[in-house]
Amino acid sequence: MNKDEIKNLLECVKNNKVNIEEALEKLEDLPFKDLGFAKIDNHREIRVGYPEVIYCEGKTVDQVRDIVKFMITKNNNILGTRATEEMYNAVKEICEEAEYNKLGRTITIKKKEQLLTDSYIAIVAAGTSDLPVVEEAYETAKILGNRVERIIDVGVAGIHRLFSRLDDIRGAKVVIVIAGMEGALASVIGGLVDKPVIAVPTSVGYGANFGGISALLSMLNSCASGVSVVNIDNGFGAAYNASIINKL
Amino acid sequence: MNKDEIKNLLECVKNNKVNIEEALEKLEDLPFKDLGFAKIDNHREIRVGYPEVIYCEGKTVDQVRDIVKFMITKNNNILGTRATEEMYNAVKEICEEAEYNKLGRTITIKKKEQLLTDSYIAIVAAGTSDLPVVEEAYETAKILGNRVERIIDVGVAGIHRLFSRLDDIRGAKVVIVIAGMEGALASVIGGLVDKPVIAVPTSVGYGANFGGISALLSMLNSCASGVSVVNIDNGFGAAYNASIINKL
Amino acid sequence: MNKDEIKNLLECVKNNKVNIEEALEKLEDLPFKDLGFAKIDNHREIRVGYPEVIYCEGKTVDQVRDIVKFMITKNNNILGTRATEEMYNAVKEICEEAEYNKLGRTITIKKKEQLLTDSYIAIVAAGTSDLPVVEEAYETAKILGNRVERIIDVGVAGIHRLFSRLDDIRGAKVVIVIAGMEGALASVIGGLVDKPVIAVPTSVGYGANFGGISALLSMLNSCASGVSVVNIDNGFGAAYNASIINKL
Amino acid sequence: MNKDEIKNLLECVKNNKVNIEEALEKLEDLPFKDLGFAKIDNHREIRVGYPEVIYCEGKTVDQVRDIVKFMITKNNNILGTRATEEMYNAVKEICEEAEYNKLGRTITIKKKEQLLTDSYIAIVAAGTSDLPVVEEAYETAKILGNRVERIIDVGVAGIHRLFSRLDDIRGAKVVIVIAGMEGALASVIGGLVDKPVIAVPTSVGYGANFGGISALLSMLNSCASGVSVVNIDNGFGAAYNASIINKL
Amino acid sequence: MNKDEIKNLLECVKNNKVNIEEALEKLEDLPFKDLGFAKIDNHREIRVGYPEVIYCEGKTVDQVRDIVKFMITKNNNILGTRATEEMYNAVKEICEEAEYNKLGRTITIKKKEQLLTDSYIAIVAAGTSDLPVVEEAYETAKILGNRVERIIDVGVAGIHRLFSRLDDIRGAKVVIVIAGMEGALASVIGGLVDKPVIAVPTSVGYGANFGGISALLSMLNSCASGVSVVNIDNGFGAAYNASIINKL
Amino acid sequence: MNKDEIKNLLECVKNNKVNIEEALEKLEDLPFKDLGFAKIDNHREIRVGYPEVIYCEGKTVDQVRDIVKFMITKNNNILGTRATEEMYNAVKEICEEAEYNKLGRTITIKKKEQLLTDSYIAIVAAGTSDLPVVEEAYETAKILGNRVERIIDVGVAGIHRLFSRLDDIRGAKVVIVIAGMEGALASVIGGLVDKPVIAVPTSVGYGANFGGISALLSMLNSCASGVSVVNIDNGFGAAYNASIINKL
Amino acid sequence: MNKDEIKNLLECVKNNKVNIEEALEKLEDLPFKDLGFAKIDNHREIRVGYPEVIYCEGKTVDQVRDIVKFMITKNNNILGTRATEEMYNAVKEICEEAEYNKLGRTITIKKKEQLLTDSYIAIVAAGTSDLPVVEEAYETAKILGNRVERIIDVGVAGIHRLFSRLDDIRGAKVVIVIAGMEGALASVIGGLVDKPVIAVPTSVGYGANFGGISALLSMLNSCASGVSVVNIDNGFGAAYNASIINKL
Amino acid sequence: MNKDEIKNLLECVKNNKVNIEEALEKLEDLPFKDLGFAKIDNHREIRVGYPEVIYCEGKTVDQVRDIVKFMITKNNNILGTRATEEMYNAVKEICEEAEYNKLGRTITIKKKEQLLTDSYIAIVAAGTSDLPVVEEAYETAKILGNRVERIIDVGVAGIHRLFSRLDDIRGAKVVIVIAGMEGALASVIGGLVDKPVIAVPTSVGYGANFGGISALLSMLNSCASGVSVVNIDNGFGAAYNASIINKL
């Protein structure tokens, strides 16, 4: 409700076209509506094809199933992250279309078809042990309606493998780089492409890796300029971010 | 040099249109040219208006002046970050157009006019003490050819000030959020806009702030999904990143 | 035993109303009684309705049951924190009234009715995964005799939900804010209320959350002024603290 | 502006007692006023005697003087923290009443007399090297209108000194404990009083003290229950917090 | 073999009382014997009653039993630390006298009686959860031939309990203080006794305790002067150390 | 394919000995071959006796077996590190020659005999609890074709044992030092030999050992000059490194 | 005042040898005197020759001079640690006997002669850069009345130098080991002597030394059993501790 | 003195060719000589051309000059690291040949010519800000008698520059990689060469670089196998290490 609408309402009140009770009701909502709060609250659901997201970690199997049960009544697509196989089985019982990505630990439910974007997100990963994060990012990006290209096992210790896939990486509108250990891949790719690079450190490694801190610090200190970073193992966050950029 | 070009060259060799020495010379360059290395190397300069960047920290005044001296022969725009006033004075002597942003510690030299983007980057900051980082980001974004909007002093401790500027923030194509202390601003804005948010933790604060770690961890752990993070105080990196996105 | 009492005693000795052995005995206790040590030692139990507290973590089921067995002879209310269900079952066998809060992992035994405070403590939490800490705080505050109001799932990523509950938060005499991840909620609420805010960082989150350090640092560095902090996941400590303030 | 006031305004519009432009102007403020934002924004100044606060660290002498210049037009009391002597001298020139606490590094300007609270805040400190934080807390508490009692040099290494002041500590409504090194004082006092204890770790110490982390961790892990913690060296925050509690 | 002995040997060679081969053999051992290496190597076993020590953590049950099997042939007392009950059972089968301290996780085998020291070691602990470390220290000190006094549950949160045991603490020749959480007990006792205090931080606590770092830092930063520190949970090391001092 | 080979090919094309399609195919590989990428990629396998390495941690039993199945077709030697016994059993079924080192957790498959180096690698370890890392290093060094000498249990707490083995250590061409706790052994040996010393910190220890950080920092800060360090517990990396040096 | 003295006093009261006012006055001090608090408070000064200690860091030159001025009236010996040369000069003006140890940064004032202990403290240091800590320990030990032996520059990188001084080290009653970098010296000496070893990590070193943490962790994790640790660079604390032990 | 020499000596004693006093004197040195301690002690100086090394940091100008004064009497080459220009000037006065590398902060004095190795050490660095460490390593390697090749400014952000120098890197016998920020260069080179790679993290960078920890962790966690690491900024250590390997 903008200034003109309020003015208009006041004139209606003055001219008895709207009675005071009605006007009062409309104005009471003002703070939220005008500030766009309601829009924020609902903006995800109302855009066609946007999924509802459940972060399953720390929830019980029953809780996850109940949340899904409620959500499917709204007929939206649904994404569950960090889901166990047991959770999936419980969800499967109440929803035939549910699918499970075992590596990525995601449950996806497609209620509506989505138009895919023309441009694509490239998900590039250093090693096979980064695959769980790759898959979480992949499922997230797909259910958000993006075309996605996975480019796996191109770590810098065998850099020629990376070069052989360079065209696929450069063709993307936004690049997600997933790497553990020393996370050097983000810097190397950051120097080779001129697209936004979202780096995901993974907790892969051992010894002084400290559950991903090594890769996290590497990526934050990247000598290449177009690199930003999300939390350790946060494939979902990277893909969500990439999706916003891919749809700009 | 693509497949067809190589084929063509080979036919020229066969037909004696090109002699073997000439062909050899061309093929020798192949690895770099074909892989696009040269393109990478030069891609910044060849796009009109892209500046050359000098990271001045740790360099002597003489070194900075000499680098600028060499660069201005190429007639590109130039951006020096982390520059002292003394460096600026030395540069000013050899280059009249040089300008200095004292807070942001940047030297900028505009040799060419740039077309500005239609869309703009919003730079949002929590407090006045974050201004040095704001200004570094601002100068970077501008010389990279972006329209920029600064929205300062909207920290979460007085959240109504943030709301009064919400439209300006939402109007941007990409948002840079700069905050020190507990860095909560990134999460709050991340929950209010549906554009990519690039968060810059600053070293502002005291006590258990640890030179910006507090804000850095906050931003990496943001409960809002569209937020990615660059290094502490890295206004340049955030703006470079934002510029890539803004020009997609 | 204050100065006058000692003087009186000495006079009794002088006047043979008290013999030396008796006087000696009384004076021997002096250091403790006079310094109020005994008062300290007993001050919790003697105030009506104050519970005895057992920190169950690291104790065996048998130990917990035995401690309870001993305590119930004193007819006080009892609070066990960090208790497993197995512990509860053992306690239940010897004490019918024992109740268990599964999420909060508390055992409570009410032997006496308490008068509730007029003013209330608001317990505000960012997300559903903070619930275990919420419940520990809730049970603690209640058995300490406070009115309590829980306001859940008002994290800053959807800030309008917080605003819709603002009146309830502002109505409290003291506010406990429980949040994990980046803990921004403490700063936002600290800026919106003028009551003491006790912040509890939780270990909820993943990646660079480091078991709650991220939220802990955020809260310590809060840009809002009325915020103090207790240990990670320490719902009991926050509620104990809040109760002292609420009863001032 | 509450519901009744809006209703009233609408009736005035209807009855032509207020014209539309005037009504519009009033309603435009609605989002802020209704949500109480304005109250928040202004709540500090409007309560009699509440000072304006300037955090001087990182500001230039000119900036501090200019901010004070502006503030004194509003005739409020003013508190500047982390102020250098040079800043004070600049302020003194434009404001005769300005006073400087050299140890505490505070500038205070009293424009209005305040009623002092009946109850008092006890500020207890372990050693003489904690005095700068003590004085910052002291000046803050005083200008906020509290009676304050300082109890210095009662560190646990000579615990009898602490006991000789125990009555003064117990007499307070809220206790601020300031300690560096191992910060044990907070736990000892926490076990001796039944008032809220706000602990301030200081950066006093050397070696593995790490700028106050040692004391900070001690205080967060206090085995005594009524202790909450503010940031390292944050005397202002502790006093602000204590003042809120003292005025409940 | 000292200088005189070598001289003597040489004279025997000269006088044909010892042939060259024999002399050679004796001199070959020289480096070790003369430097006292052998003494070092054997110094623990040769002193009457000194036990052999096995650090069981990380060893298999079979390994522990085999080591004990070998050791008992030498007829020394034996101390196994960090031993599981399963290890004890295996040892018990081959050695009737073996005893197990379940809390302290020690196996002790007494083959020889020891004279106890006149002076005693006081082991003082803050809380019941520190008991495993107390018991490890206790068993170690005892099998090393010391009189030991345990003083438990005298944490600083109820400081009068500590005072009631002060005489027992002051009577010791050396004091071991064991405390987790904020480890304040070491400082308080350090200020109350003029005997060497060996502080053992324990990993007891939660949240920002970080597995004992909180107590470790506290103790290293103790404001009392006679305190030195051993590793977290290292009851054995503290008792070994105390025993050396107790026997000076 | 070097310059001469390309020249030759071009002449063949010119002389119709090679048709254009064939030449094109060969040249298409050029970027990799010429840059030596292929050599890199294949350099390990083509040198006689070099094993293929599988890092088994984080892989499923099936994955490990399938990788081995594929590898044995190439008839190379194979080394699997961080392998469980279950993995070994699965591999054993498809490959009779597979051997398992239980302590070192390695699977080795010898398909070809290797010539051993004349010079040897000394693997020196402080304590028996470092044995798993010793064995991983040992198996790695052996399958890479090195003579290896293990010198165990020569920690600095009984330094004479070290001296009695000094000749064996000094006889090596390169020395691997493996130590946990305080890692002092690396410095002591670094001061006693003039060969390259590769230090491996192990996670052995407890308390403030922090999973090997204590030893890692010690080794990085070694006061002896010829010491370089690999990651915590990284026996494989140390041996791989040592093997490169041993074969120089 | 012990039980007999109180009894005696009471009898004096009864017999009118002491009037009630006088008795009251004496008994009022009871809590402190009886608990031995006064003894604690004064125990340092009353033992002959015990110095008063001033920790000068963070104090102004004037403060140090004033404290000394007051202290010398009591005719005790005085030790000032962490004193600047400027402080010394100010003290020198008011006290001729004051001496300054430039390296150790100590001021010492000898008012009384002390009997030296028969046994001695050995102060052993790894390198010349550890000398400031050595000298602080040395001056402290001396003014506390101990014979002291300094054994410098015997770091483990040239271990034969250590062995050539071994007799001097073993002859001591207690050994202080001072080392930076990797602090290995503490473990080596701990394995060579059977006296209490007090280890002082120093902040000497660079890179991943982290201001002494490397040596601190090394010493805490020492594989030798008789080693306890004081804070980084804390030469005073080590010597104070050693003095207590040396005088047992 | 080996077994045969001792045998011979004994025979000389027997045959009166050597008297007992002389024999005694020789045997007294035995422990050191036989164990090779003396060799260790002297091994650096006696090999032709090996320099004496002074670590100048923390020494005064006078100390450095005096040490040099003493050393030049032995006519060896001398290397001073971490030397200030002022130190150099003082040294220059007493020794004409002294040379100073301003960037590398080294003083070198060549008294003897050295034969250079045939093989060379490659020193590869990521950026110009790593030059101080490069130069320290370079001067160290040279005065130790190695051929050295510097390859600068080949950071991974512009990876084609690295490839254009690959032959020079591969031609070396051992490679030193020096890099700050994220230190990715070590991994990339580790994957491209099959020579030992010694990685030196530098403190170059800002924000979450933490004085080189970011690069240090990266290098320790390198996904390429032939990489070992020395301390942050430790160019001397890397070159010393490389020299040992280069001379194998």
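Here the chain labels run A, B, C, D, E, F, G and H in written order, and each chain numbers its own residues starting at 1.
In this section, contacts are C-beta pairs under 8 Å (C-beta built on N, C-alpha and C of every residue); 3 or more make two chains touch, one makes a residue touch a chain.
Here the structure is a predicted model, which means the values were calculated and not measured.
Chemist: Listed by label, which chains are in contact with chain C and with chain E?
Modeler: Joint contacts, listed by label: D, G.
Chemist: What is the set of chains touching both chain B and chain D?
Modeler: Looking at chain D and chain B together, the chains touching each of them are A, C.
Chemist: I want to confirm something about chain E and chain F. Since they are copies of the same sequence, is their interface symmetric in residue numbering (over half shared, so same) or not (under half, so different)?
Modeler: Both copies touch with mostly different residues.
Chemist: Superimpose the Cα atoms of chain A on the matching ones in chain E and note the rotation angle, 0 to 180, in steps of 5 degrees.
Modeler: The superposition gives an angle of 180 degrees.
Chemist: Which chain pair shares more contacting C-beta pairs: D-E, or E-H?
Modeler: Looking at contacts between chains, D-E has the larger number.
Chemist: Looking at CA centres, what chain is most distant from chain A?
Modeler: Relative to chain A, the chain with the farthest C-alpha centre is G.
Chemist: Taking the mean of the CA coordinates per chain, how far is chain A from chain B in Å?
Modeler: Chain A and chain B have C-alpha centres separated by 25 Å.
Chemist: Just curious, how far off is chain H from chain D if you go by their C-alpha centres, in Å?
Modeler: 56
Chemist: Nearest whole angstrom, what separates the Cα centre of chain D from the Cα centre of chain F?
Modeler: 61
Chemist: What are the residues of chain B that contact at least two other chains?
Modeler: Residues 31, 35, 40, 158-159, 163, 191-192, 207-209, 213, 216, 220-221, 225, 231-232 of chain B each touch two or more of the other chains.
Chemist: So which chains end up touching which?
Modeler: Touching chain pairs, listed by label, are A-B, A-C, A-D, A-F, A-H, B-C, B-D, B-F, B-H, C-D, C-E, C-G, D-E, D-G, E-F, E-G, E-H, F-G, F-H, G-H.
Chemist: Which of the residues in chain F end up touching chain E in this complex?
Modeler: Contact set of chain F toward chain E: 128-129, 158-161, 163-164, 204, 206-209.
Chemist: For chain E, which residues count as touching chain D in their complex?
Modeler: Answer in residue numbers: 126-127, 155-159, 181-184, 186-188, 190-192, 205, 207-210, 213-215, 217-225.
Chemist: Which residues of chain F touch chain H once you look at their complex with the stated criterion?
Modeler: 35-36, 40, 43, 53, 163, 166, 170, 173-174, 191-192, 194-196, 198, 216, 220-221, 225-232, 236-238, 240-241, 244-245, 248
Chemist: What residues of chain E sit close enough to touch chain H in their complex?
Modeler: Contacts found on chain E: 3, 6-7, 10-11, 13-14, 16, 20, 23-24, 27-28, 30-31, 34-35.
Chemist: Which residues of chain H touch chain G in the complex?
Modeler: Chain H residues touching chain G: 31-32, 35, 37-38, 40-41, 57-59, 201, 203, 212-213, 216, 231-234.
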